[in-house]
Amino acid sequence: MTPILAVNASGICFTYQEGTRALEEVDFRINSGEFVAMLASNGSGKTTLIKVLIGLLKPEKGRVEINGLEINSISKKELYQQVGLVLQNPIDQLFAATVEEDVAYGPRNLGLDEEEVQRRVSEALECVAALELRCRAIHHLSFGEQKRVSMAGVLAMKPSILILDEPTAGLDPAGEALMMRLLNRLNREQGITVILATHSVDLLPLFADRIYVLQRGKVLKQGPSEEIFCDYEMITNACLRLPYIAALLHKLKQHDGVPINGLPLTIGEARMRLLELIPEDVIVKPTEATN
Amino acid sequence: MTPILAVNASGICFTYQEGTRALEEVDFRINSGEFVAMLASNGSGKTTLIKVLIGLLKPEKGRVEINGLEINSISKKELYQQVGLVLQNPIDQLFAATVEEDVAYGPRNLGLDEEEVQRRVSEALECVAALELRCRAIHHLSFGEQKRVSMAGVLAMKPSILILDEPTAGLDPAGEALMMRLLNRLNREQGITVILATHSVDLLPLFADRIYVLQRGKVLKQGPSEEIFCDYEMITNACLRLPYIAALLHKLKQHDGVPINGLPLTIGEARMRLLELIPEDVIVKPTEATN
Amino acid sequence: MYLPKKYSSQSLKPGDKMSIRFLERGTATAFIQKGPPRMLIPALTTAAVLIVLASGPAHAMHISEGILPVPWALFWFALSTPFLILGLRNLNARSKSEPHLKAMVALVGSAVFIISCMPIPVPTAGTCSHPCGTGMAAILIGPTLTVLVASVALVLQALFLAHGGLTTLGADIFSMGVAGAFTGYGVFFLLRKLGLSWFVAAFAAGLISDWATYGATSLALAAALHSDGSFSTMFWSIIVAFVPTQVPLGILEGFITAGAYSFIHTRRPEYLGMLAKGEAR
Amino acid sequence: MFDIFSDIFACRENVFTRIDPRVKMVPAIALILSVVLSSKVYFPLTVLAFCLSAMLMVGMPIRLALLRIAGPMGIVAVLVVLQAFLSGSTPLFTLDFLSWKLTATEEGLRRGILIGSRVLGAVSVMLLFSSVTPAYKIFNALRWFRVPEGWVEIALLVYRYTFSLLDQTSDVITAQSTRLGYSSVGKSLSSMGVLAGTVITRSMDQAMRTYEAMTLRGYEGSMHFAPLPGLKATDIRNLAIVLPLILTVFMLMERYA
């Protein structure tokens, strides 16, 4: 028997009331424990798909299963204990006065006792490296801190699937890296399935197991990042671009005829490939290799 | 005599009411016709500095001159005819119901006659490649379109200095490239001084003449992008990172000992430098060079 | 001014032909001799009908287009226009010294509009209904500006949602704007003067403004609809018919107003000061 | 609820949207007034049929058109019942309700149906008008009818920001409901209070930012509007045809139908 999929959506169609066809026959299947990115340009239907997956919008056609259960067959409570959604804009998600209260909002609604609630709050805040913010007022947090706290609020529900809408939008490079590493840790250490919608391509190859490329509400292609970014045409078609590193090596390969195997997407890989090409005698005094 | 500076701010200090010290002795000098980026992580005071430059916030200390005139010595109307500000969030800036009305708002307030107003609207919309949006309602525009229209609204005032707060935030790669090319064209063709605040580093080397790096309300360093990104320490200190291309070559240079002159920041430059290093005989059948 | 004859004859005499028709059983006739309970039966009927027709109460806070005869429509327009003019005067006068006022009033207006679109569950009727938000607005921006904002919101609702309408705009402005805003503001102001906590005052403002709106709506409806029947039967029937939804709804609105007010009070007190200029706090 | 709130149809190109809003407004008002004045159901029902088919013609999905008319339908049903039982004198039938007898009357029923048809007719005119005329055009046109500019200015701002506030509000609701904020009546209540508070503070923040942005473009306390273009001769000619037509149909139906 095949293992139970974390998310199994098939043939999803969705049209907004005034007639915008936002999703068309979308199939979206995520295994438990995967780290999947939904990559698409503005207005391609990422947010709509997310809302369908989490049962906030009813698709016209198609069926969504979460951990093997049809989402309409289970109660909202069960559903939201399994799937957590982190919105793009953290202030939409932070409505309590202090960090602690906000993170406790979900667990309290689950009807847990106060001790358990406090335990969950601490755990969730620790997960997002924000324990020291516990007693701060929400409106005094910086944007990056708000993002992390809003994630903690969702994590406190202990979902097995975490869906994030543009988690790195608006963050500076340090915040971006921190956020991606956090997600990676949650995924690897706690086995949480992570699904993120984004249109920034550079960080994905490092983290995502698989990428879905959407365009105008259709899945253009899906697969591991190497496969996705090989298809230069499809990527530009979808109003996206290659990661900078890949773009450089793509240019070197296509236009300058430098023979490079495959298409390195990350700095580490690119370094290896380039070093293979550069004659040893050119290299001066390699200092101790610090990867 | 030195030429008149477009923006000359010296010794700016600013503290928010509740005590956040947002700017500390900031000196900021921009020549006419320059394309300058203000690069800083979240919460470093970019927006605050912009608001001080445009007279929305009164600095505690320091003096701001626009085109040689102290900003308090001229009327608001004169000031805003010289400096235009494009806010980060287009929603804030687009307050009229339709594109046409929104763009016409500024010129009408200047008391121009209707013919001139219409001429300016057309011109401004053409500048941002949005002429076909003219009769659309604002809330039906996509995010990227909103950004461009909000820029048109400012351009219709015909400012000689254009200040933009994170013009590329939230845009997909295609929109980002379009926006940067637009700004570049305005700068080169119409000689408009462009000042932009951002924390995305990758596009800057291609466009910015000079970069100011801020951190916690202080100017850490300023200079052309080559100088800025050479200083790896300062950059990481400011919670920023090198552009991906530069990071790759930096790694190759520092850790692998590949001898690279300077630090290429753009794909084009990096290609040249790498090709210098790769032996000719490795290169297979260079197809016709399409840059 | 055209005033229908029956408008003044509000009381219903015992043994009125009309109410007797509903009370043929002897057990019920006892009610006829007494005061208000004689309205009970028609009222209960309508209540039952309203509850069955879930969409009725949800829309009933605004009088739908087409219900009011032309003379009544004009009457209500005439009644609410002075308040609109007052609001506009106030706006123009204040926006000279407070240039941000127009933006503020407009945005509070859209907030109120959105809040009044929020479906809220009504436990007793098992349906959804909508709060008015005018009590809230009145506390924040004062009653005259609230009338202004309510008129804009009503026009938008008529256009987008088919709530209310053009001919009934006058009556709707009167019930939502004038009745709701002035009572809400008055109650808030009074209770604060009496030294009650702002939570209680905000709660009462929400509650009373909701009920006042509902009273005024019922009045307008009854006046227009009673035709050959009695005005007061119609009025009380409508009142009682709305009781199952409006009583809890008023209480809910009270809670929402108090919740929202305390939210703003704790997070952004500066806005309260900026808008009310310290008047009602 | 929030989904119905869209004026996308009003921004499409078709016969109706091309007409000057001031010109559209006159027959719309004439229609509504004559519907309200009508003493027989035929004219209102004709208007209803005309408006519904026009709505379908401009491409509004049937579902949405019906959804929009569903609210008034409910009111109509209530009205019919209310009138049938509370007015008139000729008994029609009697219902046993618990221990009471309720009698419906013929006149009452008639009157209920008449008022109901008026409601549907008038509402459908409003709906057609609003689905072929964006609200901002209506507000602008109102200036021509001497509505004070202060009111129009406020209305335009309300209209503009309602859409963006709605998006934010629905995001907050999403966040609340995925964290089970609406899983019981008590929780719904407090969540709703927080929601209302959030919406209001958001709107105030937005107001301050908007005011800032307006200042940056030379705002000094009141908006300068574009001059309204003069009415075209064809518009006036069309009006001269349409208004008498409405009147004639109305009269004929009142008298002979």
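When the chains are written out, they are named A, B, C and D in that same order, and each has its own residue count from 1.
Simple rule for what comes next: a contact is a pair of C-beta atoms (placed from the backbone, for glycine too) under 8 Å apart; a residue touches a chain by one contact, two chains touch by 3 or more.
The UniProt protein names, listed by chain, are A, B = ABC transporter ATP-binding protein; D = Cobalt ECF transporter T component CbiQ.
None of the values given here were measured: they were computed from a predicted structure.
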Which contact partners do subunit A and subunit D have in common? B, C
Sorting chain pairs by contact number gives first C-D
When the centre of a chain is set as the mean of its C-alpha atoms, what distance in Å lies between subunit B and subunit D? 44
Once you find the CA centre of subunit A and the CA centre of subunit B, what distance in Å lies between them? 29
If you average the CA atoms of subunit C and of subunit D, how far apart do the two points sit, in angstrom? 19
Could you give the separation in Å between the centres of subunit B and subunit C, each centre being the mean of its C-alpha atoms? 51
Subunit D: positions in contact with at least two other chains: 4, 6-8, 135, 157, 159, 161, 194-195, 198, 206, 210, 214-215, 219-220
In subunit A, residues with contacts to at least two other chains: none
Where subunit C touches two or more other chains simultaneously, the residues are 103, 267
Could you list each pair of chains that touch one another? A-B, A-C, A-D, B-D, C-D
Contact set on subunit D toward subunit C in their complex: 1-2, 4-7, 29, 32-33, 35-37, 44, 68-75, 77-79, 81-83, 85-89, 91, 97, 99-103, 107, 111, 115, 118-123, 126-127, 129-130, 135, 138, 148, 150-151, 153-155, 157-159, 161-162, 165-166, 169, 185, 188-190, 192-204, 206-208, 210-211, 214-215, 219-222
Residues of subunit A defined as touching subunit D within the complex: 16-20, 51, 54, 56, 76-77, 80, 83-85, 87, 89, 92-93, 95-96, 105-106, 109-110, 153-154, 157
State the interface residues of subunit B toward subunit A in the complex, per the touch definition above. 40-43, 142-144, 169-175, 177, 199-202, 239-241, 243-245, 247-248, 251-252, 254-259, 267, 270-271, 274-275, 277-279, 282-287, 289-291
Can you list the residues on subunit D that touch subunit B in the complex? 7-8, 11, 134-136, 139, 156-157, 159-161, 163-164, 206, 209-210, 212-220, 223-227
Sort out for me which residues of subunit C touch subunit D in the complex. 18, 21-25, 27-28, 41-42, 44-46, 48-50, 53-56, 58-60, 64-70, 73, 84, 88, 91-92, 95-96, 99-100, 102-111, 113-115, 117-121, 123, 133, 136, 140, 148-149, 151-153, 155-156, 158-163, 165-167, 225-229, 233-234, 237-238, 241, 252, 255-264, 267-268, 271
